[in-house]
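Across the two complexes that follow, chain A remains constant while its partner is chain B and subsequently chain C.
Take a look at the complex of A and B:
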């Protein structure tokens, strides 16, 4: 009943990633002067698990490296080694190398041996051979030749294979050498073949300690005269990562993995690969959870969306025809339940933003070190939940903003001291729920934006800048493509690619970005985002006889334009005066090329604000506000300029969602008018 | 809205040389398309118009939560009359993993044709670009124009899908 271990590989990679992420978080929190024993233990456990898993799957090089890491941790634990910056950095780098090589192994089926060798050498510096960790046996001495041993284990009667601490057994044997063959009948005996440089006694002692002396026999390995099964791979062969050549019995392998599975803190929906480091203590407690494919969730969400539509059709029909109060009540009840169901299903996709925040400490640490700055990172509201997809798409923008704060915002310690500030700079990450959305703030107490320099740069680049502009308008320049005030380019930031991309990404998520800054006091960036990408708060409007949805978040106000407010500028374009501002007045039907009639007299104007770019859109009627489920139009039809997507209304009909940003851009090329450009504000 | 299930027709095992086609009427001519591209047939329902699209794109409909375009082949082929009567139906097609519905005057039948009954397309004489005609089928007195509906729907000429997909066909 030999099975192919390769089917456990995806789990191996996933778990390795989890353990490494865990180690990383704990390492970052470690206080060099008084390392928390519990944290150390947690790191140790994670390293140990990776070691055990690697050994089981024959990835001996990983298990060697993890073994070295364990040894270092053991020395720290025993206060033989101080976990100073160098040690922590080395351990973090080790995590990186293992992660990277595991990735390579996953993608290409091989590792960069040189990288692992180099890491091994580095780790060795902190683990002198004589003080090597006794927590687990030391690595085989290089001088000794490796030998194979047959290990026979009698299984506890009645319990069979399940009576053994298999995970420990594999981990211990993996540490001793390479496990080459594992066979069992599942009930009476387990046979292992171990290749190791240890002596028979060492192996025996280890096993006796673990399983008891009576049930284990260790003998030199004798190859079967006529192997019925493929022979174990030759010792020291070039492919140390013979991950795919090993066999083990289904019973024990499954037994072992399921044992570990029980203890895991799975919560995410396959998020590990992308989000990587998921690590809060809160999550550790989360044991009763399962992993679900996102595609399944999306399907569920779709179905519920359909149910909501079907329900509203039903309730429309019931209120129209039913005289029976009981029927109406029942329909209303179904309606409430349906909405609750929808909310519950949406809730499944929500994850704490900690998945994202927990990646920041590492970035801050590495960068601060490189830049010679001292920074304290403070996070608030890591438990704030938002849509998984949103979290993934926020990762780059937020990392970028933090990087900017560190590179451009926070001053060097000397400069800070001279300015009378604390030597250690502060970067804060805050997440809160506000008005049905999520607000993420990035604050630093650095130097703040340099108004004069931004203005000078903007004028130099021929942007519409003048000294009389308000601060808010000046800050908008940093979002212009290619804009940078950095005197010299660094590899961290300052190439001028970035803020415009950040803004575009946030916009694509249906969010806003706001910037506040005071000289000397730092920069405060506010990202306002919807909770989810699947649902939109919309205003339903009628244009040329069709129903359209305008995202509510972009609407500043709606008003009836009076003729005295409307002016026609030279090119035939119209502007409408709203208090002290002139907004371009756009006929939405014409922009979209719809055949219908909209007149300024009867129509309603909706003032929209897209990142400070303002305009008034004419529509025939306002129909109401509602939450709509966003559907892709592009699944079955090509992209239409000005249309962001579609939704299905309560009556089963399709309504199109307007892409306001694109609509405004549709208009701009046709008018080269200065007044109009000015009216559009500093975009 | 009413669905005519085609499952039965689809499952009736065609013999090796037989191919099944759905026949329908467009203007004065009878057309036929491969039954395997047909997902369902629906009564014509009101559509949501799409901005900046050619005349023959009537708009989009909601197919159980999926948004699909509706194409009026009569307009595309330049027929004089494109009226919506009681027999006007939507044939929902699944081509290249995408859904699209075409408006036709009336659905007639499902027919099985042998290879002998299918003749190569003539050089001219149909309203449809010859490129999209697979051949002519004969059934007694009746002549059927066999449309290569997949090629037509994914064609760049019709422009329903994005360029990349159209170009691939």
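Take a look at the complex of A and C:
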């Protein structure tokens, strides 16, 4: 039978990656003075799994490395080795190397042998003698918090073990802790060993409730003296498959074994190449959940989006024409269900932000070491959910902001002490749901922004800065491209390359960024983001007879401009006075190249604020607010300057979504915009 | 001859692979993700064969074998241990727990079918 197993390869790569990430997380949490046995167990299991996968991946070298790591972990648990900074750093580096090599293997089908050799050599330093990896089951009980109990259960007479509510009993035991041993004579009693963090009373209460007080005894576990080990069967130790001969050990088992007289026969294992290295489509499967290709989810989301549109068309038609109350009710019901369906489908794409937050501790640890700073990282709200794509796109900006806080914000321990601060700096990451969106905050208790230096730098660079500016205005300068106050280059945060990029990225996600800072007390950065990239809260407006959508998040206010408020400046451009400020007044129809008829007299001005850049856009009418499903115009037509995308309205018409940021940078075209006219025509 | 097989492994990839190979040989497969899950499923169905990993969260493979062997209905059902390495320690543990045999990962699909045929005969 020809069986192609290469299709499973991507899953093994993915699982290897997950195990490595898990190891990393646990290693970062390990307390060098009192390593938690539970955590050690978990790291060990992950390392063991990677080792197990390595043969499947065709990477026997990983197996050697993981074997070394197991030995090191074994020494840690035996308290022969203290998991100090050096040890943890080495183990973390080992994870990096293996991850990198797994990536190479996946992409190029080969590993960098030299890198693995070097790692192996480094690991060897902590495993002096050639030790065989400890058996997993010999790992310690999490001794500090958990205990082992012996549980003796009397079996109902005449029924034996089948007289017990076994499914409930095992479920209960599984909930209490880890079941480690099961023995029975088959007729009178069942002996169990349970490893649990619960108290004797709690275990007893649970079991008494289930089985009755008379038939259960719970006592602290006493390890029996080790029986003399039977001599292992001489052959087969290198074989890949074998059958146990139970004759030799029948006395040790429960006595209920089938004494099958199956001759042990080793079956030779053929070449390890049962799995090729060709990577196929990514398969996603997980233990307690189903992994689904994101493309399928996107398709589902799209279909639901279409359904929402169809539903609103239906509802509009029904309210316009239907006299029948029952029809109207039904349509309303369909509407509610559609919205619920839409929410549910979007919910599938939501992931806890922990996916992102969990990457930060490593960054902080490595950076702090390099910079000689001491930092404590605190995260809140890691369970907060947001769209998967959003999480992916937020990774770079957030990493960058944390890097900045560590590099420029948190002071060296000596400086902090001199300033009367705690030596250990604090960086906090917080995520919360607020008003239908997500707020992510990055706070540090470092030195804060230096107002004078930023101002001086801004003036030096010819930016419109003056000493009378408010703090908020001054902080905006840090978002200018290439802006930095750092005296010298650092390879960590670079020369201010970044804040402008961070801002642009956040903007692209439909979010915005706020900065607060107090000298000496640190910097507080707030990112406000929508939950998803697929839906937009919009204001529908009419411009030159066409319907457009303006993202609601950018609208500061809408007003009727009075002629006394409007001034024409020397260049011919117009400004409008809004309270104490003059905003550029833009004729949206002209910007878009529409043959418009918008006049200031009849028009409504919408004041928009894009990252502090303000302007007023003239539109003919405000039509209302609504949530719209964003469709890419590029994917369906072509890119048009000033247009961010398109959506289908309830009346079935296509409306274009304005890209306000781009509009503010557009020059008024001299002739009509053929592209846009064509797009509107197509709509 | 189609058998009902329980596969127990915390790696979804291994479970998928086992199921793929076993099903391609005409067997029916139910999967469990750890020892406790496996035990519950074994109580709810009568399997002809159980293939279990050793190292798993919640309950390891050795304890699962012991718990299964304590049940009259599984006293004689073949149980195979999936292991990462074929060491003597593993074999001692497996044997005394009552496992029928062991199989080192990665396994050749044809050999797996072969072994299944042998132990369920």
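One rule holds for everything that comes next: the second predicted complex is superposed on the first by the 497 of 683 C-alpha atoms of A that agree within 3 Å, B and C clash if a C-alpha of one lies under 4 Å from a C-alpha of the other, contacts with A are read in each partner's own complex, and residues count from 1 in each chain.
Here is the rule we use: a contact is a pair of C-beta atoms (placed from the backbone, for glycine too) under 8 Å apart; a residue touches a chain by one contact, two chains touch by 3 or more.
Worth saying up front: this structure is predicted, and the values here are computed from it rather than measured.
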Report summary line: Counting residues of chain A touched by each of chain B and chain C, the higher count belongs to C
Query raised in the report: Touch check for A:633: first (chain B), second (chain C), both, or neither?
Result: first
Report task. Quick one: classify A:625 as touching chain B (first), chain C (second), both or neither. Result -> neither
Report task. Report for A:432: first if it touches chain B alone, second if chain C alone, otherwise both or neither. Result -> neither
Query raised in the report: Regarding the shared-chain residue A:319, is it in contact with chain B (first), chain C (second), both, or neither?
Result: neither
Requested in this report: Give one of first, second, both or neither to describe whether A:51 is in contact with chain B, with chain C, with both, or with none.
Outcome: second
Query raised in the report: Of the two partner chains, chain B (first) and chain C (second), which one does A:85 touch, if any: first, second, both, or neither?
Result: neither
Report task. Based on the superposed arrangement, let me know which partner A:178 touches: chain B (first), chain C (second), both, or neither? Result -> second
Requested in this report: List the residues of chain A that touch chain B in one complex and chain C in the other.
Outcome: none
**Report entry** In the complex with chain A, residue positions of chain C that touch it
**Finding:** 10-13, 16-17, 20-21, 24-25, 33, 35-36, 39-40, 43-44, 54-55, 57-60, 62-63, 66-67, 69-73, 75-76, 78, 84-111, 113-115, 118-119
Query - Touching residues (chain side chain A, partner chain C) in the complex - result: 1, 3, 5, 8, 11-12, 14-15, 45, 48-49, 51-53, 55-56, 132-133, 135-138, 160-162, 166-167, 170-171, 174, 178-184, 186, 190, 229-230, 232-233, 236-246, 248-249, 252-254, 256-258, 260, 262, 267, 269-270, 272, 274-275, 283, 285-288
Report summary line: chain B contacts chain A in the complex at 46-53, 59-62, 64-69, 98-100, 159-163
Report summary line: In the complex, chain A touches chain B at residues 302, 305-306, 309, 546-547, 592-594, 631-643, 646, 648, 652-656
